[in-house]
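Look for subunit A in each of the two complexes below; its partner is subunit B in the first and subunit C in the second.
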Partner chain A sequence: MSDKLRRIVFGSLGFGIVLLIWEIAGRKLGNALFAPPSAVALEYVDLIRQGDMLRQLTGSLQQMVVGFGAACIIGMPLGVAMGRSRVADAVARPWVSMFVVTSTATLVPLFILILGTGFALRVTIVFLSSVWYIALTAYNGARGVSPMQIAVARSFGAGVLQTFWKVTLPAIYPYLLTGARIGLVHAIRAMVLAEMFVIIGYGGLIHRAGLQIDTAPTLALLITLMIVSLLLNGLLGLAGRLLAPWYEQQRVTT
Partner chain B sequence: MTLAELTSRAAAAAPNPSTKLAIRDVTKIYRRGGKELTVLENFSLDIAELEFLVLLGPSGCGKSTLLRIIDGIETCNIGQVILDGKDVTNTTGDGRGMVFQSFELFPWRTVLANVAFGLEVNGVGKAERLAIAQEYVDLVGLSGFENSYPHELSGGMQQRVGIARALAIKPSVLLMDEPYGALDVQTRDLLQDELLNIWEKQRKTVIFVTHSIEEALYLADRIVVMTPRPGRIEQIIDVPFPRPRRDTLKSTPEFLEMRRSIWSTLRKGAHV
Partner chain C sequence: MASSAARSGRQASGQKALGAAKGGAARLLISGYGLSMLSVVVVLLIWQWGSSQTSGLLLPPPSAVLGKFLDPVWFAALMRAVSQSLVQLALGFALTLVIAVPLGMVIGRYRVLREMFEPVINAIYAIPPVAFVPFLVIWFGLFFEARVALVFLMSFFDVLVVIIAGARDVRRPLIDVGRSFGASRLQQLRLIVLPSLLPFFIGALRVGSARAINGMITAELFFAAVNLGAMMKRSTQQFDTAAVLSIVLLICLLGLIAQSLVALIERRLVHWHVRG
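Moving on to the complex of A and B:
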């Protein structure tokens, strides 16, 4: 309990210090260069009242979810296959390893030519920026499944499919979850990136705000994005804990 | 009592009617990087119905490999494993229940679901398998921990789950691979007594692997002493102590004398 209290006290203290430095720096530099928190807060209330920020955000997140969902549906089985089958590993992993280090930003202009500037572009960019992380994390999990646990399943007479569903998959589950959380962060970043290129949605909003003389709206939009990212990431973690109560507890005790 | 009187040499004779499990000329060769390592060579042994047999030997003598071959999770290059007259070489299942040294419980399953695992993969319906699992959870003294996860239990309790999981499939033969090797001495002694209690209640053919002479003498009807490279039978010892056995047996002169003589046999083997 005192540990928790200490975390809260020092956490808010750190938060306060940063806000204070920001406020001082912001007042020195002025709104045009670096708006202080007081100005951003006023702007924030304004943006929420106008309603455009949240409306655009909801719209953008919906498209992000489509791309991210597709990345999970493709990336997870791909990673598991690479981790469990030498053939799949040899065929797919060189490509996955190459794409994971490729900057998504360089792909956007290319895909604008192919897909235009609408729904398909945004979903594709989100998909391409997150699927490799999801696949590689699943791959590492699949490779790490204990051969002894597989042997236990076989010892009790489990067939290949039973072993996969009842042992391999549950053993990989924590990695699938971690992969999804890493993938989600990349998906949200890619969403904004793609939208800034074609000036649409929430990224478009940020882009247009960046052209103004006042930096307060840009900073307000950034803060909202940070909060939403953290919130979604936390939600995914919570879902994981509910689905696999043994996992988090195990990490804490061992 | 001299050791010679208690000792009889292994004889791979024709299977006699009381033979539960026959191991015939089993050879296991590991190939790693072009090198060959013969772990077992022409190993033969008959295990009688309801016998408690202990495979005893130093690490590297192939006793665990032999047990894994009997279970079928390891394949042998040559030879046969015949259980209840049926050739079960290089297959798993068929009434073999295995208890593993490092427990190997599934961390995502509760105690009850772990115990029910063998029944589940063999197609036993949910209500039935959970009822049977509960029976065995009770038998190993874990009532009240059905819904705990393995990481919430001590090592001794985890191995009780491992034993319940193997017993729940009502195995024709129970295979135990150094089941107490990862536990402290007190827990080990306690679990030996519990195992003997369970065994008195539900007699079964047991093959138990250990490197502890004391454990072997305390539990076994018959001890197969093995020596390494390649693993072969050094001697077979009939353990004369009556059952039920109690912990006090371990400090009797007869027990200590047998322990000493087995130790000198093993030490001789270690010099070879």
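Moving on to the complex of A and C:
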């Protein structure tokens, strides 16, 4: 059996086992406690037909993308600067290490006071929860660029800018991509957190569904969230491969 | 591998800087801690100046935040609340470690289990844990049990994923050598698998403790508001931004303490594997 086939067969087997256990547990506990997949599937069709779920989802995702995009635009250069320059590292380090350990949840009440509960709040929370991870991953990449390669480029007469463009950037590219993926996970978490807090958008939908007697709608909403998260992550990977096809998808540990 | 390359790169550039600069040591000191301190002081001064230009209600000056934080009555209340919060944090995170570490080791060590369950775990991991809050309310109510459950849920998958990765990457030749010298399965586990897992375990602690603290405060805000969460909500309703910021400061300090504790454990336990 080829590796790929093996992975598909066993992977689906795993999903099958989990679904089976869930179905049995769900039937035993009943819809009020833990709806089985069969009930969730029916509910799912219903939710898609009503259209509310997808409408709220696109709205929420648009705001998430704004915050996440801003986090990439600011976090990546910040991380690279920290990795390449001692001064930038020393100046930014205390702030990055402070913010990265501060739970996003504590910032939500604060920013509700400052920004209200609208667009600005959600974008800010998403930005603040993802930018530090993006920066730190870029930092790790930039710090690991081989000094030998840079020295070679320099000795062949490449300028500072050229060296950066032709040597440093390609070398840290996999890290930028990994940083974006880690950041995306945090961005989606932050989106749901902020929305469930102020009961708005998709997170608000989850909150309201949670008040019903039946757990099937909540589970259906969670599954959509899971699919979206996996899809966006896959999309980032695909974009990475299209932008720089010469890179094998490298495993980068942080 | 990457980290050792980074370290040698750092050393090389560090040596160069030392050689090039006049009075290298002093300069290094300036570019290191000195600059960091300067950065903190400058930003705080700008913040102080900026908030003196506005009403101060929306953004109180850092001196007011620190004053509130150190105010004896408020500080005592904060300490009382955080000691309560730490109970659910400890319980939830202990549950995570007790379940996720052995489970991750089993899944990571056996290829079949890994191929079967890794996709499922990644799929569940993709769901933001906060979204499970409605469920936790149904199953565990609004109080202590629900808070412990959220701490558990928010840290569980982060720890599990790291441990699986670690257990998978135990080097095959090491195990083969152990086997050929007649090590039993238990000996292999104790002498080869566990030591090579230690760096990953530290990594899991680092990520997991941050997530658990996040879960602790999230739970106090999302279920029945108690402890720090209640203080935060009350301060928000009274538009007391300085009080809110003093709680944020406390959570931040808690996170920093947890990270340095993990670093301490790392130095004690994994002295042969120091991160660059």
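Some points to look at:
The definition used in the following text is that the second predicted complex is superposed on the first by the 247 of 254 C-alpha atoms of A that agree within 3 Å, B and C clash if a C-alpha of one lies under 4 Å from a C-alpha of the other, contacts with A are read in each partner's own complex, and residues count from 1 in each chain.
Keep in mind that, in the parts below, a residue touches a chain if its C-beta (ideal position, glycine included) is under 8 Å from a C-beta of that chain, and two chains touch if they have at least 3 such contacts.
For clarity, every value in this text was computed on a predicted model and none was experimentally measured.
On the shared subunit subunit A, the superposed partners subunit B and subunit C are arranged side by side without overlap. Of the two partner chains placed by the overlay, only subunit C lies in contact with A:Met98; subunit B stays clear of it.
Once the two complexes are overlaid on the shared chain, A:Gln162 sits against subunit B while remaining clear of subunit C. Among subunit B and subunit C, the chain that touches a larger number of residues in subunit A is C. In the overlay built on the shared chain, the residue A:Tyr173 is in contact with subunit B alone; subunit C does not reach it. Look at A:Ile114: by the touch rule set out above, it reaches subunit C but stays clear of subunit B. When both complexes are overlaid on chain A, the residue A:Val152 reaches subunit B alone and has no touch with subunit C. Per the superposed model, the minimal spacing between any CA atom of subunit B and any CA atom of subunit C is 6 Å. Shared interface residues of subunit A (contacting subunit B in one complex, subunit C in the other): 146, 253.
The touching residues of subunit A, counted against subunit C in their complex, run 6-7, 10-11, 13-15, 17-18, 32-34, 86-87, 90-95, 97-98, 100-110, 112-114, 140, 143-147, 185, 188-189, 191-193, 196-197, 203, 206-207, 209-211, 215, 218, 221-222, 225-226, 229-230, 233, 252-253.
Only residues 2-3, 5-6, 8-10, 12-13, 17, 31-36, 38-40, 43, 58-59, 112, 115-120, 122-124, 126-135, 137-139, 210, 213-214, 217-218, 221-222, 232-233, 236, 239, 241, 244-245, 247-248, 251-252, 255-256, 258-259 of subunit C touch subunit A when the two sit together in their complex.
Listing the residues of subunit A that touch subunit B in their complex gives 146, 148-149, 151-159, 162, 166-167, 170-171, 173, 244-247, 249-250, 253-254.
Residues 71-73, 92-94, 96-98, 100, 102, 104, 106-109, 117-118, 120-122, 149, 151-152, 169 of subunit B are the ones that touch subunit A when the two sit in their complex.
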